[in-house]
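Okay, so subunit A shows up in both of these, paired with subunit B first and subunit C after.
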Partner chain A sequence: MSIQASLTHNPKRGERAIHWLYRNHIWLFLTLSILVFSLASPYFLTVNNLSNVLTQGAFIGILAVGMTMVMIDGEIDLSVGAILALASALAIGLQDSLGVWPAVMCALLSGAVLGFVNGSVVALSGMHSFVVTLGGLIGIRGLVFVYTGENALMVTNFDYTEYAEIYLGPVSLTAMVFLALAAFFQWILSSTRHGRETYAVGDNIQAAHDAGINVKRHKIINFTICGTMAAIAGILLSMRLGTAEPNAGKIWELWTIIAVVLGGTRLTGGFGSMWKTVGGVLTLAILRNGLRLLNTPNYVELIVMGLVLILALLLDQALSPRTGR
Partner chain B sequence: MDEKHTAVLKVENITKRFPGVTALDNVSFDIRAGEVHALVGENGAGKSTLMKVLAGLHKAEEGRIVHRGTEVHVTSPLDARLKGILLIHQELSLSPELSVAENIYLGAWPTNAFGVLRKRYLHDETKRALDALGCDFAPDTRVGTLSIARQQMVEIARAQAFNANVVIFDEPTASLTDGEKEQLFATIRELRQAGAGIVYISHKMDEIFELTDRITVLRDGVVQGTRNTVDTELTEITRMMIGRDLDAYFHRAKSNFGGEVLRIEGLSKSGLYKDVSFTVRAGEVLGLYGLIGAGRSEVVETIFGIRKADSGSMHWLGQKTEFPTPRQAIDLGMSLVPESRKEQGLVLNMGGRANTTLPHLSSYSTAGVMNHGQELATYEKYREALDIKTTGPDQEVSTLSGGNQQKFVLAKWLCASPKFIILDEPTRGIDIGSKSAIHQLIAGLAEQGLAVIVISSEMPEVLGVSHRVVAMAEGQVVGEFTGDDLTEENLITAVSHHRAALPAAAQ
Partner chain C sequence: MTLGKQATTAMRRHGLILAFSIFLAIVAVTADSFLTIGNILDVIRQVSITGMIAIGVTFVVITGRLDLSVGSMLTLLTVIVVDQHNSVGPADAIMIVILAGLLLGVINGILVGFMGLNALIVTLAMLSILQGVTLFYSGGSNVNIPNAQSTWFAVFGRGTTFGLPNPAIFFVISAAIASFVLRRTIFGRMIYAIGGNEVASTFSGINAKQTVFWAYVLSGFMTALAAIIMGSRVMGAQNTIGQGYELTVLAGIILGGTSLLGGSGTIWRTVLGIAMLGFIQNGLLLLGFPYYVQWLVTWGVIIVAVWIDLGAKRGRILA
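What follows is the complex of A and B.
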């Protein structure tokens, strides 16, 4: 209330600022984190470190791009971590028999197919996606263990790991892929029919159905996108590590959801954007990196991250003009 | 001052601002004990906001509330209820899974010293309140199983149970039949007799003049004046509300009918409707009259493909057709303006522009990419044509008033130039000015050659806009009236006669 009162002299400008802030609080948070860590650690604000942050954050970021599509739809996908592990294992495991690029294509396809299956089960059975993809999380992880024989697969042709070393200035290939995908799907959300349908389905599925939108097909498409994104992240991870661990990406689905929610996209659907998600991903990555630079013990790091998440959501609530309704 | 003129609640200089609007500007008025005080105004005039301030849902920036002689700060709806101020919402706010008794005491459940619910007391007190109102259901009935009218009685029973001295009704008759309405009025008069101050918010002027003692008019958040109901008349009140005289209230399209657009025959769905047949021609407005629950909405939803019928056939433009999906219905040239804006009509987090084009995205996109310019042009065209007040194409429709929301629902279903449009309760809960505009619009559509079906529970509306009326009761067509036969009497007889005949038929 006091914020509004103090801005009455210039209502147009003030309102717009408030409006922008309430929709993009994450960037405020991000700026704040950068400021704090810059002051706290001399190693933080270096090109080298920030380049690292971006690359490390990009894996969760790519998962978050797909998750954002699914979450604006009002659904959730808990199986992305497992799909990432499977794609990573296939990309390395199939190389010897199929060659590098066919193996990568297979990995990509596995993600798309699993996403398609997730979406089909959700859309056609009417079960909640939380339950369906929880099953996916466990089942697909089992599949990874079967395929890898519970061992880490090693790449034999080390040319494969060279791709991860492609840099454009300080920006790694992984980071480039993340930013490109985020930009592309932001464009999908804001400027295409599919994007418009995503918001409509997530916010009011009945109205969307009555407006002639094929809600089922629509949801299947977004789950397929989400699975494909997970596979892309898995492939990039295998390039970077040169190995595929059966436990890769464990609980990454949770970090992904945290990043998306931190950005301001709502779990209830119908509201969010890729820019918010980019903000959420970067904030999360910077917090992890900054706390590590300060030699924070791992468990303290978790406590801080948990607090930040809740704080960010409280800020979202406080800045939203809808409170009190 | 005698007892009758004691103000039980006084509102003094209340100002409430929302981002971008001043919803209430220095509003003062008082509610006396033992009176029914009407609060009228167009949508967005600030009536609901004012009541929400009184009920503790909003906090005013300026001004004070004096309750029984002392200034009070109402902090929450529960706080208001404990003080004896009770708001009965337009859209009822009960928990369907809880019992009547639990709902009445929601948030203020009587407990013993250990915090355990006093079930016996809860039951007995609720029973007392229900009996006082003459309700025919038990305290342990699950609320979700009750009709809207009975649910409303549950809310009123709250007033009894808490000994409320101020009871605010916000559009209470929106979903009631005439009989239920009479019962509600009797209850309100009893509450008045008992000395409560009652605020009655409604768009229905006949009710206001029938029921209330004084009328306060709001326009754009400013009080235009208070009148004794007996000393004023409709024209004065409407002039105060809209600031001008109202044109003729209803507009019926000129009768210039073309060929048959839609014919349905023997449409049946078990439990909802049975053997429903009718036709509608180009340029014709067909009214579907009946009480709530007569199956009218279900029938038109079947035509539009939202529901499936068990049996029956459909002819579209003279050709026998399968029942469509909503997508196919839209592509054929049908539009359905649904009954509930919030549940079926609008995507509330989206702007007016995106809502308008939602059913027709393929016309506004090339290879899946939205054509923003074309979309904006359509939005502007309809915003202007329907006189919709927004701050911009992307202002979320959730922040608009009911009338403006309804206009976006209309824009959404008009912008593809349909051949046939169904309007389900198109003027429910919107103000007179907008109502009249919508009636003009309906007439205009028919004159352009569209076939129109209007569903309405308001008798004057059905009679005013329709060329022909099909009456429905209990899921069946009970009469069809046109020309001189199209009278209030005939419609009521058809609908109620059927009701009276039913028990006999059942035995």
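What follows is the complex of A and C.
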């Protein structure tokens, strides 16, 4: 309401402020959460802790990078958590017979193939991606259980877990991969033909088709990217933990969607950016980390997360310009 | 229409039922115990909790919206009914849990219906919030009813009437009432109208916001009934008891051929979809497959079923 008051006081500046806030409320959330936890806990604003936040957030972050591509297309991928589990199981399970790097390649390939399958079914059948990937969420988890036989797989060669301990200053390998992928796909989105087409397809699929974009191939590519990202997250998780648990990544697809939506990407498509997704991922990670530092019980985290999500929706609605969109 | 053409049309329209019948026949031949009255009643009893929830969610889905919060809601409500049973007795516990279910439906309804927020994200947020509230309420520990043998509360989940399991009876009666409401009442027609074309329905004088609101309240109410059956059946509740139900419910609804875009679908299709999931699960277990193989089959069945359904509607298989 105070924002609206300032609008009547000085229309031009107020309008600009609202417009900026409308597009960037995630940075407000991020700043606020950093401020609150810095004041509340002396352990929060330390290099060590922030490095941890970045590493912990990076897994959801890598999933979110792929999810953002798919969601700007106006689609959704619910199967990322299951693909992550399969990739992590394959990366560890195949090591003994194939060697470390071939196993990792197989894991990566499994994600790409499953993403390709999801995308192809969506593009060829015209089914909604929610339905297709809901099926995938259930079925790929089944694949994981068939492969692992319900047991957690343990790594035998512990050199593998050393990769997770590679640090560049305070930044872990996982975090580096996350940031590099985010930067790369931001570049794809803003500076390549594929990126422009992503926004075009998400904004108006008919117009995109009429303008000569191969919509089906385009969607298949983005789903393949999303599956590959999930596999990368799974491989990094298996390096970090040294085990692959068949239930790994359960309901992570939901956290991922929460992070991407917090970052301002619309489920309806045509709108969003990778940097803001990074903002959403970091906000989520900081909330979880900060609340744990404050020794709050687990349920506070769940409730706060849900409330923040609804708040983001409300803010989005309240600030959205009534005209135009 | 020639006989061949008729056959093709029938195949397209009822292909899923045909494929399902073939599956049933294979299982029936291989496993003797499959096609016995006892086993069939068992399956119907097992799916009744999912089915009760699915009935409510079908209303929401026909309006073109989603409810992902029913799984967490089921957990919270089951914990509440079991806990309250121990402190205030069964009758009051049932009252409380129904009120709680209605309240949760009202919250979803206000956020999605009246405030017009995105249904997927709101109910996703509620999924997280209700998980938190459950842990807060239970303090993280499991609750159970110690005197399971001596309470009449057992009648909902464990009792039988004329040899039929009570949960199955509740399920069928709810389905019949819901089907009547959806097909024969003004409320039901408004639900279809909104899902078909929300703008047009608004212009023809339907209060879309209010109707969506009531659809969510109904979803909360049905989840409360399911929680009563669940609590009575298990005589206890863990903090994860309802986890994943939202997805099974949606899978059943989709399998029945209801479009997530809204405007189409019936209760009987939902019941059929849920029953199919139940029989697939039961059949695969009887054939000696481990339980997780049903997930793989569900994946395939969902994709094939919806693809055939869509293909039949547009007259060709590829989009």
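By our rule, the second predicted complex is superposed on the first by the 302 of 325 C-alpha atoms of A that agree within 3 Å, B and C clash if a C-alpha of one lies under 4 Å from a C-alpha of the other, contacts with A are read in each partner's own complex, and residues count from 1 in each chain.
What we mean here is this: contacts are C-beta pairs under 8 Å (C-beta built on N, C-alpha and C of every residue); 3 or more make two chains touch, one makes a residue touch a chain.
Computed from a predicted structure; not experimentally measured.
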item: Partner chain in contact with A:Q206 - subunit B first, subunit C second, else both or neither; value: first
item: If touched residues of subunit A are counted for subunit B and for subunit C, the larger one; value: C
item: Partner chain(s) touched by A:L254 [first = subunit B, second = subunit C, both, neither]; value: second
item: Touching partner for A:N214 - first (subunit B), second (subunit C), both, neither; value: first
item: Which superposed partner A:S191 touches (first subunit B, second subunit C, both, neither); value: first
item: Touched partner set for A:P102, first subunit B, second subunit C, both or neither; value: neither
item: Subunit A-facing residues of subunit B, complex; value: 17-20, 57-59, 61, 304, 306, 325-327, 329-331, 336, 338, 343-350, 354, 357-359, 361-362, 365, 368-370, 372, 412
item: Subunit A - residues contacting subunit B, complex; value: 1, 4, 11, 15, 18-19, 191-197, 199-200, 203-204, 206-214, 270-271, 321, 324-325
item: Contacting residues of subunit C [partner subunit A, same complex]; value: 111, 115-118, 120-122, 124-129, 131-136, 140, 247, 250-251, 254, 260-261, 290, 292-296, 298-300, 302-303, 306-307, 310-311, 314, 317-319
item: List of subunit A residues in touch with subunit C within their complex; value: 121, 123-128, 130-132, 134-143, 145-146, 150, 254, 257-258, 261, 267, 297-303, 305-307, 309-310, 313-314, 317
